[in-house]
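In what follows, chain A forms one complex with chain B and a second complex with chain C.
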Partner chain A sequence: MTTAQHPGSHASADDPRVTLDEQIGVFEPIPPYPPRTEREAEFYTLGDGEMFINIGPQHPSTHGVLRVVLKIRGEQVVDLDPVLGYLHRGVEKLCENADYHQAICYTDPLEYVSSLFMEWAPVIAFEKLLDVQVPRRAEYIRVLTGELNRVMSHIMFVGWMALDLGGLTPILWGFIERDEIVEMLAGVTGQRMLFNYYRIGGVNGDLNHDFMSRLGRWMSHATSQLEAELALLNENEIFVRRMRGLGVVDSETALRMCLSGPNLRATGVPFDVRRAHPYSVYPELDFDVVTRAEGDCLARYLLRMDEIRQSIRIIDQCLHEMPDGPVIAKLPRLLRPRPGRAYAAVEGPRGQYATYAISDGTDQPFRMRIHDPSFVNLQTVGLVMPGNLVADTMAVMASLDPIMGGVDK
Partner chain B sequence: MDRALRRRLDGRFSDVLTGPIRQRHDETEMRIGPADVAQVMRALHDEPEFRFKFLADLCGVDTGRVMQVVYHVGSDTSPDWIRVIADGLPRDDPRVPSVTFLWKGAEWQEREAYDMFGIIFEGNRDLRRIYMPPDYTSFPLRKDFFLADDASRSPAMGVRHLEQVHAPRNAAPDDVVRQATSS
Partner chain C sequence: MALTREPSLPAKRDRDEVVKPIVVPNTLWDSSNPLAYDGGRPSEITHLAEIERSGAAARDDARWNGALEIIPTKADYVLDLLRANSLWPLLSGLACCAIEMMSAATSVNDMDRWGMFPFRASPRQADVLIVAGTCTTKMAGPLVRLWEQMPEPKWCVAMGDCTCSGGRYKRSYSTIQGIDRIMPVDVYVPGCPPRPEGLIYGMMKLQQLVKDRRGHWPERAIGPTVPDGI
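Showing the complex of A and B:
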């Protein structure tokens, strides 16, 4: 008995009769539903001589899983529409269903390059809710490890940025420094990337010999070695010419786009959370808030290089002024802060990391808002790209330094 | 705590405040109705005595009874963050004016609040879902949306349709919520 092929049945994926345009998983740039907003209708209507080009969601230079729909005319970008959500894990909801100690480790994987900052903001917010006094040694350790993490993150930025422009060497050189920092942080936190080191009321464990000896060795040659590595790009004419004047953002626009961190300071606005809304022991430490006036990709790059130098200065001061004492305040296992609200922001390598926590008196946060700078900064790509070349899209995006884990939460 | 800022805010916004100004640590908190958001944020942003040019954060909050939109702004005129809470948005139709006319960068944060809470920002020209897929029908950060392992307790198996209104079942008791969000 023969069975007739049912007309409605789906052909299997390995059926040779399946034609290419029926294949699943092919991204159509134009969404299969009517436009929901004015802006979407405007974007997905093609003008004369325009076409769509789809980048991502898996593309080596999107720093994660990001999809960008470009509308182009010839080689020029007319408009672009970033599509997010491929990494969305609902961390805010998870944090609302975890207790205060557990919530901190959910925030780590959001920023897998600078996770200490991502846990620093909620820790300060919870300490504000609980009115905890953090031991001074713990604050110094936080600043010390945090600044190491900032150096590590900026080194990664240099590597990625050069990689997106076609240079492979800086990321390989950068990884030498980065691995040294990662190894020394692993010595004190027990983890290479997702440290989960800060605790409510202090840090998890004191600095140990392994960390101190590695740090001492690194500090003795850090400055000279970093300068040598940075000269690779700073004095590279191809790199400098490519970056200068590209993706210019002025200070007015930067504030209007809610930029923060190095991207804001590269436009000349001297806003640094460490100075504007001081936290931890930063008021006692001596460092400069570096700014640059140009606001282009080169300024954003050079500003981060200056920040590495300032971070090394801060690390040096921490090592000299670190007091003795306990590293964590005595707190009960189960925390029940009084009902209230707290907002805490820290200055990370990408800008302002912040947490807004509401307590309702139970052991779980009633609401925990996680503010990530990458999410806000990424919007600026859509503002500066129109009129530029397609090939510069990734260069501009790399200079804003977004981490998709943080963008998608 | 910036006492002078509190006096200035009290003097300038006495007609729109719906509760006392509170200060704790380095935060100054003011509470207004949703209709006054555009006016208050414009005054904070533009007036030379405030100059709160830096929008630090914009987020939605579901208290279980009402919705809130919370703005944090920073300035070079004060060491405090100002927290502006637009309070009392009805849960079945939360609407608030958009602040994209001051901060274009608020656009995605408003999209996120819309995606997670269903809060409609009037004046945002790109108010579509940002994280969840376009055919998604519920708002995951609302208090009556449960995690997957809690879905058996959920009135709609973790899915709440736009038009379906019901009281949250696992939200904290009313008096606790009131303490946490309005006192």
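Showing the complex of A and C:
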């Protein structure tokens, strides 16, 4: 970057007249530097009849700004190399320079489809550091809003997955439900998408009439509406036959690659953080951990649909069993937890969201590590894809449901 | 490729001015009487007078029965009207705001109603670049490349706080604090993220801007233009 166009002007970081003189070769598949690792040298050497094809970072099917370099032979994928970091916002470093309340505000845009879960994990970790007892009503409200968010996220997953396979209707139908849920949550949280609702020691505000009336209206038709929506894909033979047997992950590979969430349960491993390491009021609630044995794209899709039904069951129980009382514990405005470390994990729609926070006794976290399931789930693409067709790359990637905000942090 | 923003906008020239359309009310129009045009006076515009003398305009066409047949105006005005009412955005989402952009485009808030819908996947077919989401330093290069690949005339809408000014990630080491540092912006839509209605309002402002020939692209032309002095 130079400011040669403006002689005499003072070049500074705040100067809006920044000029870009260099041609940036970002769309060259082969990086402009010599290979740094053996893997890179092997990948960027073309064999007989092979070629590179570059997808991204701007591509409608990559769910954000992911860039994938495919090595193909004919129509077959030989190998692939994901290039990450196009959405790296430096959140972990920002959290170290913010106090404990502000850190939550930085973490929730990471997972912009289900942001309540990315708030939930750090909030639990900070509560462990501070030894706070959360009121029971606050826990129930967290479970209620969290499950609503899970339903919303899975509905959008269906839309995107169908969109990547060429179907436009599910996303149009799905966004009707999504907007309904989002407006409902906006009634109680005040924000439509990045809610910033969970606070250390409870939640920001009690449930209000706007939320309850919208929720009641939604619950009255949610199940029938969702079943009608799902029939669109479940009974579509083109969709089902395309997804069946595609991108199979067996349970050993899944465990070795540290998959979590629906992607792991679709391989037959009944691991759910809500049951394995219970938090909040989940031990008191009655729901099933759904599993499927096939481990292919269709199983991952059907499993998420089953999870929507379980979530609606949990919401129903929460509404019946919610106690009265305060929604937030009394805490000083400036929090200085004892020096120590705390780890918390929650089960989100994409898997295990976790936060590892280290306190040094000041009002800011000394270190905050954010574990996001999208990053871990995405690396399975490299194992699954070789041997499949180019057109199936997007289908497999969509079925793993990564969110690039969480991948790049 | 130097991408520079001028310190100030160039002075307005005569040819930038838009001629308002002359709308002749239907009650005055009688296609059999050439004098009815322009309030009963014979037209001073030569080619219109020729058309009237030839009698071609007097033909009683069933399709245009009783309606206007000729509206004298600038072709630029008509083109601007067409451009403003079919703004094709580029399907390019960077982060969180992309979800709200999709919400604006789908069933509940239907952007198609105002002619802003067909999201094109290729920058070669797009008119508007809606930058939705945090622009990081690594993404800045591809984003400028996308902008340069779009054919002229083109417009840019900065959606969300991150693209307007840096927003909640202003203090981060890896973000661009406002995309107006790397490309011209016509409309800013603040909010984290803005509601879909906010984006639609911003796009409506852009339509007004296109019709008024304001913004960063006042000199719109089709095809390559030759700079002055060559």
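In this text, the second predicted complex is superposed on the first by the 383 of 409 C-alpha atoms of A that agree within 3 Å, B and C clash if a C-alpha of one lies under 4 Å from a C-alpha of the other, contacts with A are read in each partner's own complex, and residues count from 1 in each chain.
What we mean here is this: contacts are C-beta pairs under 8 Å (C-beta built on N, C-alpha and C of every residue); 3 or more make two chains touch, one makes a residue touch a chain.
Remember, it's a predicted structure, so these values are computed and weren't measured experimentally.
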Which of chain B and chain C A:Gly90 touches, first, second, both or neither: both
Touching partner for A:Arg292 - first (chain B), second (chain C), both, neither: neither
Partner chain(s) touched by A:Pro57 [first = chain B, second = chain C, both, neither]: second
Which superposed partner A:Asp179 touches (first chain B, second chain C, both, neither): second
Partner chain in contact with A:Arg192 - chain B first, chain C second, else both or neither: second
Touching partner for A:Arg367 - first (chain B), second (chain C), both, neither: first
Touched partner set for A:Met257, first chain B, second chain C, both or neither: first
Intersection of chain A interface sets (partners chain B, chain C): 85, 88, 90, 93-94, 97
Residues of chain A that touch chain C when the two form their complex: 5-6, 16-21, 23-24, 26-27, 57-60, 64-65, 85-91, 93-94, 97, 105-106, 109, 112-113, 156, 171-173, 175-176, 178-179, 182, 192-194, 404-405
Residues of chain B touching chain A in the complex: 24-27, 29, 53-57, 59, 61-62, 70, 72, 74, 76, 79-81, 83, 102-109, 112, 116, 125-135, 140-141, 145, 147, 150, 172, 176-177, 179-181, 183
Partner chain A, residues of chain C touching it in the complex: 1-5, 7, 91-96, 98-100, 102-103, 106-109, 121, 123, 133-134, 136, 138-139, 141-142, 144-146, 168-169, 171-175, 178, 180-182, 192-193, 195
Complex contact set, residues of chain A against chain B: 31, 33, 36-40, 84-85, 88, 90, 92-94, 96-97, 128, 255-260, 271, 276-278, 339-343, 345, 352, 354, 356, 358-362, 366-367, 369, 371, 375-376, 378-380, 383, 408-409
